[in-house]
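Look for chain A in each of the two complexes below; its partner is chain B in the first and chain C in the second.
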Partner chain A sequence: MLEHRPLQHHTPLSNWKKMTKHPFFGIFLSLIVMIMIQLLGQIGAIPSGVVDVFAIVWIYIIIGLGFTLLLGYTGLASLGTAGFIGVGSYVVAYVLGTAGMPLIIAFALGIIISIGLGTIVGFISLRIEGMYLAIITLGLSEILVEVFKFWTQVTKGLVGFQLDRYNILGFAVREQEIYYILVLALVLTMFAVLNIINSPTGRAMLSIKNSTSAAQAMGISILKYRLLSFIVSTVLAVIGGMLYMMYTRSTIPNVWNIALSLNILAAVVIGGAKSIWGVSLGTIFIFGINQLVFARIPFFTRYGNASLFINGALIILVVMFYPGGIIRMFTDLSRLVKKTYHTILNKVKEYRYGPEE
Partner chain B sequence: MTLQQILSMLFQGITSASFLALITFSIVLIFKTSTTTNFAQSSIATFSAYVITNIFAKILLVNNPDGNAVVMLILSILIGIVVGFAFGLFIDIMLIRKSKYSNVLTKQMITMGMILVFSGLFPVVFGIFAQPTPMPLTRKVFEVNVGGAIPLYISGHALISIVLTILVLGGIFLALKYTKWGLGVRATASNEIVAGMMGVNTKFITAMSWGIAGGIGALAAGLFAPTVYTLTPDLMMGLQINGFLAAVLGGFSTFAGPMIASLIIPISRVFAWQFISNEWSNAIVYLLVLVIILVKPVGLLGKRIAKKV
Partner chain C sequence: MDLKNNLNPTLRIAERMDRLEKKMAYHENYLHVIEARLEQKRKKKMEKRKEAFREDLLTYEIRTLSKDAFHQAFIQPEIDKLNQHYHLKERAKKASFHRKLKKLNDQEKQGLTEAYQQDIQALHDEFNEKRDQLIKELSVHEPSEHTLRHSMKDYEAEKTRVQSILDFEEQALIAEDQIILDKEKVRIQKTLDLLKSKLDALKEEHKKRLETIKQDLPDDVILRLDGLRMQFGGLVAVSDLSFDVKKGEIFGLIGPNGAGKTTVFNCITQFYKPTKGDIYYRDKRNDIINLNNYAVHDVIHQGIVRTFQNVELIWELSILDNLLVGAHSLYQTGFFHHLFKTRRFQREESVLKQKAIKVLTDLNLLAYKDFYPLGLPYGILKQVELARTLMNNPQLIILDEPAAGLNDLETERLIHTIRKIQKEYNVTIFLVEHDMGLVMELCDTICAISFGKMLALGTPKAIQSNPVVQEAYLGGE
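And now, the complex of A and B:
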């Protein structure tokens, strides 16, 4: 039978609708928002402190996107993130500050180190049960912090490392220019992670999370995908650390502690561990709201870490009752709105035309 | 290297092993009954240490300045243990059991969330400044002559910690072996569902294990806090990381393995501190433990458990 298909009209509106459905549209939109924030900061509409907070948030989104491949897709909880970020920050500090070499070498070195670290942790994760992994990565992170503290020739020890202003490709750069590098890195990371999770690789990782044995029985190599997710997440964490150092130009060993790893976990879990938008929202919530809102409320400024209570309570609530995270709330809400709209519509119809037979 | 030095180092190692053994045991007890690693153990213990210090220094000592300090300290440690017990029960009964979606990862994440909750609570409840810990038990220092020129100095506090640890852990090991509760714990540990079918009240057993683990953690913190002189929110974090590593090193599937490992780790740290480098001793010991775990993932005494899928 011949199927009669309606003619496709390419009106501007339909083109626009098609474009908004494209997965990359969100990334494009967030790119515009990120650039707008910097431009507004430059003309003075937003205080520069706020722009700084957002810059740090973009860095943590990069790290969180790597972490979500581990937690949301391969189902492994790691507590070593903070240590890996610290590695990145010290690589940039040493290469730019002490060795005086260009940034590109720092990036090459950082990526090589992070691939090495990711491979080590990945192999450890294959040897031991998933539950112990958090312990092992916590131990590894502790070792890294000890290295930051005591390898004073490279890290300058407990006082931390302050970097002078530096050049990129011969240009003296300020925070405003580095901001665009962060944005570029974040957009590239979003593309990469979105592609990974929507590809057979992402589905293979998800199957490992749901059941290791079933995935193995289907011919999915645990070795390959665990290693891959560890390497990707470690590389992103180290890159995040390098960007952090480029932007803030200072690093102290005590920053890279378990609380930071837990905050990244909180960001990923609260936002929604399976979607890049969830991770972004969660990170903005944990790292942005904390700095922008709580830092202005006298109660929270008086009691330093009090806002951590909210983060912790939110992790527990989300894990207990709402594993989808904040991002799930949007789909649930829109479904609820549609449902109520239809019920109201039916009620109106019933009222006007009498009850259905 | 004289005998006196070696003995002194051994004593140091055993002293820190006594705190570590308590923490490790509490972690393993929870792991055995509810198959999760309780990351909030250190936070509960630290909270109890704050409670102990505040009750002792700010309430008891202020109200009766010429009372017996040791009795008051014991009283406040008991109150701290009750607080730890209550927090342990709370996490199991109110959080883990009420969780709508429960698997190994979610339980772990709930305890990780509890760390953040506690870190937020500390400054609000106890103030933002580090508090000094009073220690009436440590004033006494014993001198033991072992033949060298310098006698061996043994602090009363360390001695009491070691003796208390041995008593408490010994008592619990006996209870595990000979009481109905111990039988229930062992049955729940080996298979929760079957134990439930055989009439073991697994919920009660699990809740009690969380409570007891919290209490033991509180005791460990109460004993450990005076040795570092000040209370900070991450007082017990280092001990907890060591406790986890000890538990993995010894093998989570046994009770005895982690105890042995929690004796090995501090003693080897003291020796590494003395012979290799005092800055790198922590890192060296962690690295060694990680390598051993990599070579023998089930731990020193653990057995490979075949799992049905």
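And now, the complex of A and C:
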């Protein structure tokens, strides 16, 4: 007769749990963290060198997010990323420094060039796959580096291009202001990539990676989606290069070499190629940890390259034991903690109350 | 054949009609989505209101309870709690007693045992005392006999009052929703009318053009292979194969291993381009097209969907997302809609999601909606692949060995499912199969091939008694 259910109360905590599961919550949180780092740097709580390291890491996350669409979703490996970043940096350098035109023209030019480059590589990818595609993109990247070295009228050659302070919309900007532009660009990229991943486009890319024949039978054009993913990743790489030039105001051809491409590949693979948080984590790990942690330990400052060994060992460990990336380690860890907590609780209970009757 | 020269003059109109029809289907379905969403919202609201009234009602309800019911509802749970508490206490005492007992000699053991028994007795007494006290305390609220009839009336009155309030509120909400729905209906009807007038004009034109074409394909034939030949280098996989598949039938293609059955399928769906020969197909608009003129990913737009011999699902997507991949050709929004997650894309997604859920419920697969294919039983995966083909409003479904790797029970279920699909979705089914029982039970027409050449074509009975087929299959007498 009497209904025996307890009265439901909507506590603030239950809403909180629902909120944290929303994907935008993570982006909002990271936005706060990024702004906090800059503010702490301005107060003087953390050295400005550290803020610079983080700014560069945000740029590489933008590039990595483009790369994850390519590697994690369409299943294509490219080693030409560094060359594309270099193109972005030189476009800004030329347009702002030599031509003296406003920044918006640099962006328009950069995006047009990147779409062209992406289309070329995308068409190549139709014929060639896997390792050979990586080698061809590597070749393309090396050609671009040679162009940076020897087209001295535009790039100023091996010595590199140093940019003076410049104006945006008539305002003279310092690093602090450009930092906020970086943060804005990163947040927008995160939203965009998250939208693509959870849309038919992302699903089509994943199905091409999993089974090309099934994808074709379902009406997914392989040409279209390979081109699309190459174009998106190239555009993001070039934008990353432009932001890099805006922040550091210097570019040297030798920076845009194969090591950088490999580092980006490693960052995406280590973090977890299928989630934006995995990529962010991997990038912080590869590009940030060296200068933030190892540079502060006396042993590593004495033997300069020792930190690289640790990096390499960690890469091997992660790839061997966590093929899904570090991001998987977190879920596994939380599961492990819960499991051990329950076993300990049971042990205590058994000791106190005796065995179960 | 005259067909070859007269192909595709109406194709462009057909494409435009296709697009219009997809748009209309989307608008029609969207109304249901709104309806469902409004109802869900309303239900949630009413649940909340009910919850708010429940506390009031409870006080009235308690007064109507008889003695036993009151005891059952209020006192018994308290007693249970107490009982559990004391039970744990006893267990703890027992455990510590046994631990101590191991360390002692015989004399001390006896003393300890006595003390333990006393302890336990004391515990039991304490429990009994506490229970009695609890019953006494709680019984104060117990309803007395003579108020019972009176309070029952009160309770009924209160209940009807609350119910009337709730009903009134629900009516108001329904009326509110109806206004929104009517508005949407008018809006959608407007666009539908516009689209329909466009479609009618196109249809008229299409009909006129169709009349000018001489069509040799009989009306009830949906697919015709005409002298199909497929050659890989020196190896001839299929040579001069011709047959018709009629509309609405289940057509079976059989043959020993390596006879070229899957090659025929791959030729039809354009995974291989045939070396020679044509594949004519009658599409939804009675247009006859040559499938050889289409790219692999365009074949699905004509209403032909296939499955694969080894399950080719997308392992990194959930079952529901796999079905949405199957509906890829139905999406009309492009990359930029997806990039900015526009409202139009969201609506389209919700319409197609609803459709996917409908297909899953039709095939009794709804329980697996959020699972990932990895780790699910093979029979289920085969069914999911079948479900995926249905997402695209197909006309012709091509099944490549649907029963391969299934046990008898799963095969039986599969036969049932295929029959159901054929009836409910009104499709033609073309299948390759090794399981003779399934083929003989399901198919209306069977074609037997061996080494790429046709052996026989006919009803299952005719095929069974055909000596040539028997020889190819069983190797003679």
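Definition applied: the second predicted complex is superposed on the first by the 298 of 357 C-alpha atoms of A that agree within 3 Å, B and C clash if a C-alpha of one lies under 4 Å from a C-alpha of the other, contacts with A are read in each partner's own complex, and residues count from 1 in each chain.
Keep in mind that, in the parts below, a residue touches a chain if its C-beta (ideal position, glycine included) is under 8 Å from a C-beta of that chain, and two chains touch if they have at least 3 such contacts.
Quick caveat, the model's predicted, so the values are computed rather than measured.
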With both complexes overlaid on chain A, does A:Thr155 touch chain B (first), chain C (second), both or neither?
neither
Taking the superposition as given, does A:Thr81 touch the first partner, chain B, the second, chain C, both, or neither?
neither
After superposition on the shared chain, which partner residues are touched by A:Ile135: those of chain B (first), chain C (second), both, or neither?
first
Is A:Ser213 contacted by the first partner chain B, the second partner chain C, both or neither?
both
Give the label of whichever partner, chain B or chain C, reaches more residues of chain A.
B
Quick check on the superposed pair: does A:Tyr303 touch chain B, chain C, both, or neither? Answer first, second, both or neither.
first
Touching A:Phe321 in the superposition: chain B (first), chain C (second), both, neither?
first
Take the contacts of chain A with chain B and those with chain C, and give the residues found in both.
211, 213-214
Give every residue of chain A touching chain B within the complex, in rising order.
75, 77, 79, 123-124, 127-132, 134-136, 138-140, 142-143, 146-147, 149-150, 211, 213-214, 257-259, 262-263, 265-266, 269, 302-316, 319-321, 323
Chain A residues touching chain C in their complex are 1-4, 7-8, 192, 195-196, 199-204, 206-207, 209-211, 213-222, 228, 274, 351-355, 357
Across the complex, what residues on chain B touch chain A?
35-37, 39, 95, 98-101, 104-106, 108-110, 112-124, 128, 233-234, 237, 241, 244-245, 247-248, 252, 279-280, 282-283, 286-287, 289-290, 293-294, 297, 309
What part of chain C is in contact with chain A in the complex they form?
51, 54-55, 58, 61-62, 65, 69, 73, 88, 91-92, 94-95, 98, 269, 271, 295-301, 305-306, 308, 312-317, 321, 324-326, 328-329, 331, 333, 335, 338-341, 345, 349, 388, 392
